[in-house]
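Chains here go by letter, A, B, C, D and E, matching the order in which they are written, and residues are numbered from 1 within each.
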Amino acid sequence: GSSTTSSKSESKPEVIRLDYAFYSPTSLVLKEFGWVEEEFEKEGIKVEWVQSLGSNKALEFLNSNSVDFGSTAGAAALIAKSKAAPIESVYIYSKPEWTALVTQGSSPISKVSDLKGKKVAATLGTDPYIFLLRSLAEEGLKPSDVEIVNLQHGDGAAALVAGKVDAWAGLDPHMAKLEVTEGTKFVYRNADLNTYGTLNVRSEFAKKYPEYVEKVITLYEKARLWTIENEQEATKILAEQAQLDQEVAALQITRNDFSKPIPGDTQNKALTEAGKLLQTSGVIEEKDDIEKLVNQLIQPKFAEKVIK
Amino acid sequence: MSQQTETNVIKPIRSNFKLSISLTKWTTSSKQVVIGSILPITLLLLWELLSRVGVIPPNQLPAPTVIFLKIVTMIQDGSLWGHVGITFFRVFIGFLLGTVVALLLGALVGFFRFAEELIDPLLQAFRSIPSLAWVPLFILWFSIGETSKILLIAVGVFFPVYLNIVSGVKGVDRKLIEVGRIYGFSTYQLIKNIIIPASLPSFLVGLRSGLGLGWMFVVAAELMGASTGLGYLLVFGQNMSSPDIIIASIFLFALLGKLTDFTLKVIEHKALHWQDSLSSSQGNER
Amino acid sequence: MSQQTETNVIKPIRSNFKLSISLTKWTTSSKQVVIGSILPITLLLLWELLSRVGVIPPNQLPAPTVIFLKIVTMIQDGSLWGHVGITFFRVFIGFLLGTVVALLLGALVGFFRFAEELIDPLLQAFRSIPSLAWVPLFILWFSIGETSKILLIAVGVFFPVYLNIVSGVKGVDRKLIEVGRIYGFSTYQLIKNIIIPASLPSFLVGLRSGLGLGWMFVVAAELMGASTGLGYLLVFGQNMSSPDIIIASIFLFALLGKLTDFTLKVIEHKALHWQDSLSSSQGNER
Amino acid sequence: MLVKVKKASRKFENGNVAFKDISFSTKEGEIIGLLGTSGCGKSTILRSISGLDQSYDGSILVENCEARECKETIGFMFQEPRLMPWLTVIENVQFGSKNVQHQKAEILVEQVGLKGFEKNYPKELSGGMAQRAAIARALMTSPRLLLLDEPFSALDAFTKIQLQDLLLSVWEKNKATMLLVTHDIDEALYLCDRLLVFRGQPGELCEEIKVKRKDNKRSRGDENLLKQKEQILSLLNVERSIT
Amino acid sequence: MLVKVKKASRKFENGNVAFKDISFSTKEGEIIGLLGTSGCGKSTILRSISGLDQSYDGSILVENCEARECKETIGFMFQEPRLMPWLTVIENVQFGSKNVQHQKAEILVEQVGLKGFEKNYPKELSGGMAQRAAIARALMTSPRLLLLDEPFSALDAFTKIQLQDLLLSVWEKNKATMLLVTHDIDEALYLCDRLLVFRGQPGELCEEIKVKRKDNKRSRGDENLLKQKEQILSLLNVERSIT
């Protein structure tokens, strides 16, 4: 039940533009059932869906005012925020374990320290890249102790299979797929080093139409709860949309924890840590105040209002 | 002396022709199709063989039959037409747009030295900006609708057409232009009646180059928030690590590119029959 | 009659020249530089102004000065030379390679009808495959070292050069070729002494088109496991949401592309001074 | 139209000098022949008068207006046929005519003996046929000043005579001023009222000859012409080398 | 070299017929003139003999070998100069010579009166100068069969005579067989041993004339030639149209 009694703004948007992405199963569910259209049709608001192929694309769309809501990894949003992108993370669509360090099944590499001097594929600036840096840091290794080969996610997977690199900071669904079809194994996995799937809104939109942000979050909640209850069907939707095998899709779904949707301290802490690491590796500038950035980015107030 | 080499060169062609001259025209061109298919078919067979034997692992490069089946599946579930249709549409409109602008600017720059000095340096600088680099700018300027996609394709088409037109116009024989001057042709008449027909060969090459680039720019264009299209399919395949989708879309690119190029080639052949050149004289001698 | 329009057209050009004919040659070309700079500088100023006023938000498109500072920073910490140097090297080698292959195949296909019927259809199909689509295949075939990068760039360069050579060769005046035949020229001599010089204008356009594509393919090439290079810088900027890096690398692409193209343009001018065409006659009349 | 050339010279960028200090003028409706050794600047003079070559020194007035600024339509038949290779014979003949005069073009094509070849492209013509198509094109617009650069050089004696007479009959109609470059002295004497003989490289005007005819009527058999022919030959230095 | 043409015809793809059922043959070292109205197939015959046009019917033997398969080097001066626009005059003259004979080229350039223009590009030449450069090029290789298609058409009387004599002096040295297309009957009579007169479209061989000279010596003043000239003119149907 969404009440608009406390409406601060009389106006309503003409159109609401959301993104959907294969890395955000809830967005697929939402799109599949047409709940958003259903909700806003009554008010005469149009709904547009745009597909994001990755966090970088979602941010590009947000930044250029091409979408109002965009799904990204938390760290990616932080990097953009440090570049003055006017966005706020208002919702956690899942705590995914979408990245880990992967190697071929027959490889002698079994722990992070074995990676010393080896070729590791990763896509710069993405969550897997951050994951790789953080796992190395945990072992006391510097980025220069391994040879990081910058490859797009798909190319990295192919390069690993073809034996052109020794390990790969993988991303689902590629990672799940290789696991199923190639029998690749994990060198290191740690769900806590993944930086959450955040739903971001353009600050301008949030300021102008706060109640519509809440409405969208309400809808996301509906999809989240449905997904938890109907994991089988959610898997099917993912498999269909992303043209994945059932098995791969199931693996990807099980690696998503849909339990804690409200952004808060956990995310604050994880992002601050990731941010500091990014600062030492030069991705975020030295002069930026990470804590301040994270505080500006994470805005739990909308979700807190909707979700009890 | 070395005319020997020459006769050797021309003879097999002529004797081939003698063979087919008695057949209908259709047969001649179908013979060309057969010759043109030798290489692709050989390559396909080799690839299929190597896949079957296991030299090429299927997870990296699936066999042609696998890809063929994938395409058939896409035809059956109807998704193929959506992808091909929308991409074809975008390339077509972008191609038209790019060509028209290139024609206007190219004629201007080729003909007026001042326009050349003013505009050309800037355009030449833009020419080497990669399609991927335009993407963020286009998203910024035109958001992510059809407009930005079509415009990006038009940018790709523009440059080769422009370059060829400028060079074609500048290469027009002075002798012919003087004929127009004598008749007191206005600049517009000069361009229409002499410069365009005389630079037609160059223009047509530009068109074919431009069309090729149009197809190339589709991928970048469809990175801008598309959910259908061949370029989308390709990137989708890459993001999903589906080599069959990747190769299927590459194949479709090749096929469509080939078909559209063939159309232009036929037009080229029709439009240049007056040329007294190597190609037409070979035609005569056959 | 309409000669009036014409004189209007030619006059300002000529009177410009009268003005500069008394000055040195250097001044003439520096005057060209000035005219050529009008547009870029205007655009830059406008952009800076709009940024300062706040019409263009800095997170989308930073002001030129910001980008300039970014480039200066990169110069100071030395990273710029690494990026520019390696990319330049890759484009250069790839360009050479692509051109040589295009020259050989283009002459073959343009000259021998059988070669055309055999090879050309396949090549034309490949021509429309986007650079991004080649990436997974090249990683598969050539691993991720320099080789695959250079080869990919060579592929980009190949097609426009090839297309222009074929068309150039086919457009060579039959009359001139017959002169060579009379002297009993071998095919090689024909190509060297008549076909290449006569199709030079077309070839040079092809080179310039090809160079442009070479620069474009760099980004795709540097997606294959690079850690330096302008294309890497661009993708890095995109992945890091750093508009200043993106625009700086676009600017560097434009600058380098412009410089290399200028070199080719100078060569073109030198090599084609014998042409009796619109451009040379304009030169005469000035 | 009147042409007045005063102390005109033309020096090219590469140092070649085509002609130097040339002065002459025409009367209305006069046919003037330009004779001279190869390379003495005849074509360049015509190009200057036509306004195509604008870098001459001195003054060339066409209808009291400097040639390089003159806007009158004139007719020019170049030394080469210069047909548009992408047009057929009939289209080439009509090329440049403001209004389509299909019938006139067909008559002219027939008069120059190209009937049956209307639809041929230039590459399918013989040298003489191309030249005849160019003559037809030059006559299409009925200009009041006609410049002809060796119009009949590639034609056999028989065809040449026919076309000379065609030219005269066209001239009878509108009495255009004509400047005719030719190497055929008989032709010059038959067609022209006055001959300008050039010599040297750079070319200079060395003699002006008024053609005298019996009863002022053109006739190929005219005996007066024979004498004048000898005079011209001697001017061109021919006699010396005859063995 | 001997040329033997037997019942040769040439029909083009578009239906034009250049010549029909032509037969003639040459003796060693003979100079043969080809005369005929414009478009009657003279150039096409030369092209067929040279092997450039290979689609003729009938048989054309050059040194007992079918022309289209003949590998002997011959000389051909085309109806147009066909200079390579990217080469200078001197380079054009040397074009096609197997071994560099710089001195010979320079002498020839001087003989055709182009001294001082060695470094000019074709676009900087007058029509007659280009033709002279083409003549020099054709004479460079000293071929044993020389085909000349209206070699002197764009030259004034004076230059023409000089070059005719140059041609004869070259011929004196190696006695090449020559086939010469010309529209100038005086020239044909002065240079040739035998004349072939063509007529019609498609062209047919209508007359063969052996040139008779006083004492078998060439002289421009020869009175025998005058009579033969009249005969030829009548053959070409000229008389009828003279007014």
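Note that in this section contacts are C-beta pairs under 8 Å (C-beta built on N, C-alpha and C of every residue); 3 or more make two chains touch, one makes a residue touch a chain.
As the structure is a prediction and not an experimental result, all values here were calculated from the model.
The fewest steps needed to get from subunit A to subunit E, moving only between touching chains, is 2.
Taking the definition of touch as given, a chain qualifies here only if it contacts subunit B and subunit E alike; those chains are C, D. Between A-B and B-D, more contacting C-beta pairs join the chains of A-B.
Centre-to-centre spacing of subunit A and subunit C amounts to 40 Å, using the average Cα coordinate of each chain. Rounded to a whole number, the gap between the C-alpha centres of subunit C and subunit E is 48 angstrom. Shown for subunit E are the residues in touch with two or more other chains, namely 51, 71, 73, 80, 123.
Touching two or more other chains at once are residues 60, 64, 152, 154-155, 158, 162 of subunit A.
In subunit B, the residues that touch at least two other chains are 1, 3, 60, 136, 140, 174-175, 181, 184-185, 235, 238, 243, 275-276, 280. Contact residues of subunit C toward subunit E in the complex are 175-176, 178-185, 193-194, 197-198, 200, 274-276, 280. Contact residues of subunit E toward subunit D in the complex are 12, 14, 16, 35-39, 41-44, 79-80, 113, 117, 120, 124-129, 131-132, 149-150, 153-162, 165, 183, 185, 219-221, 233, 236-238, 241-243. For subunit C in complex with subunit A, the residues that touch the partner chain are 57-60, 135-136, 139-140, 143-144, 223-227, 232, 235-236, 238-243.
By the touch criterion given at the top, residues 56, 59-60, 63-64, 76, 79-80, 83-86, 121, 123-126, 148-152, 154-155, 158-159, 162, 164-165, 283 of subunit A touch subunit C in their complex.
Residues of subunit B touching subunit C in their complex: 1-3, 5-6, 9, 12-13, 16, 32, 35-40, 43, 60-61, 110-114, 117-122, 124-133, 135-137, 140, 159-160, 163-164, 167, 169-175, 177, 181, 184-190, 195, 201-202, 204-205, 208-209, 211-213, 215-220, 231, 234-235, 238, 243, 246, 249-250, 253-258, 260-262, 265, 275-282, 286.
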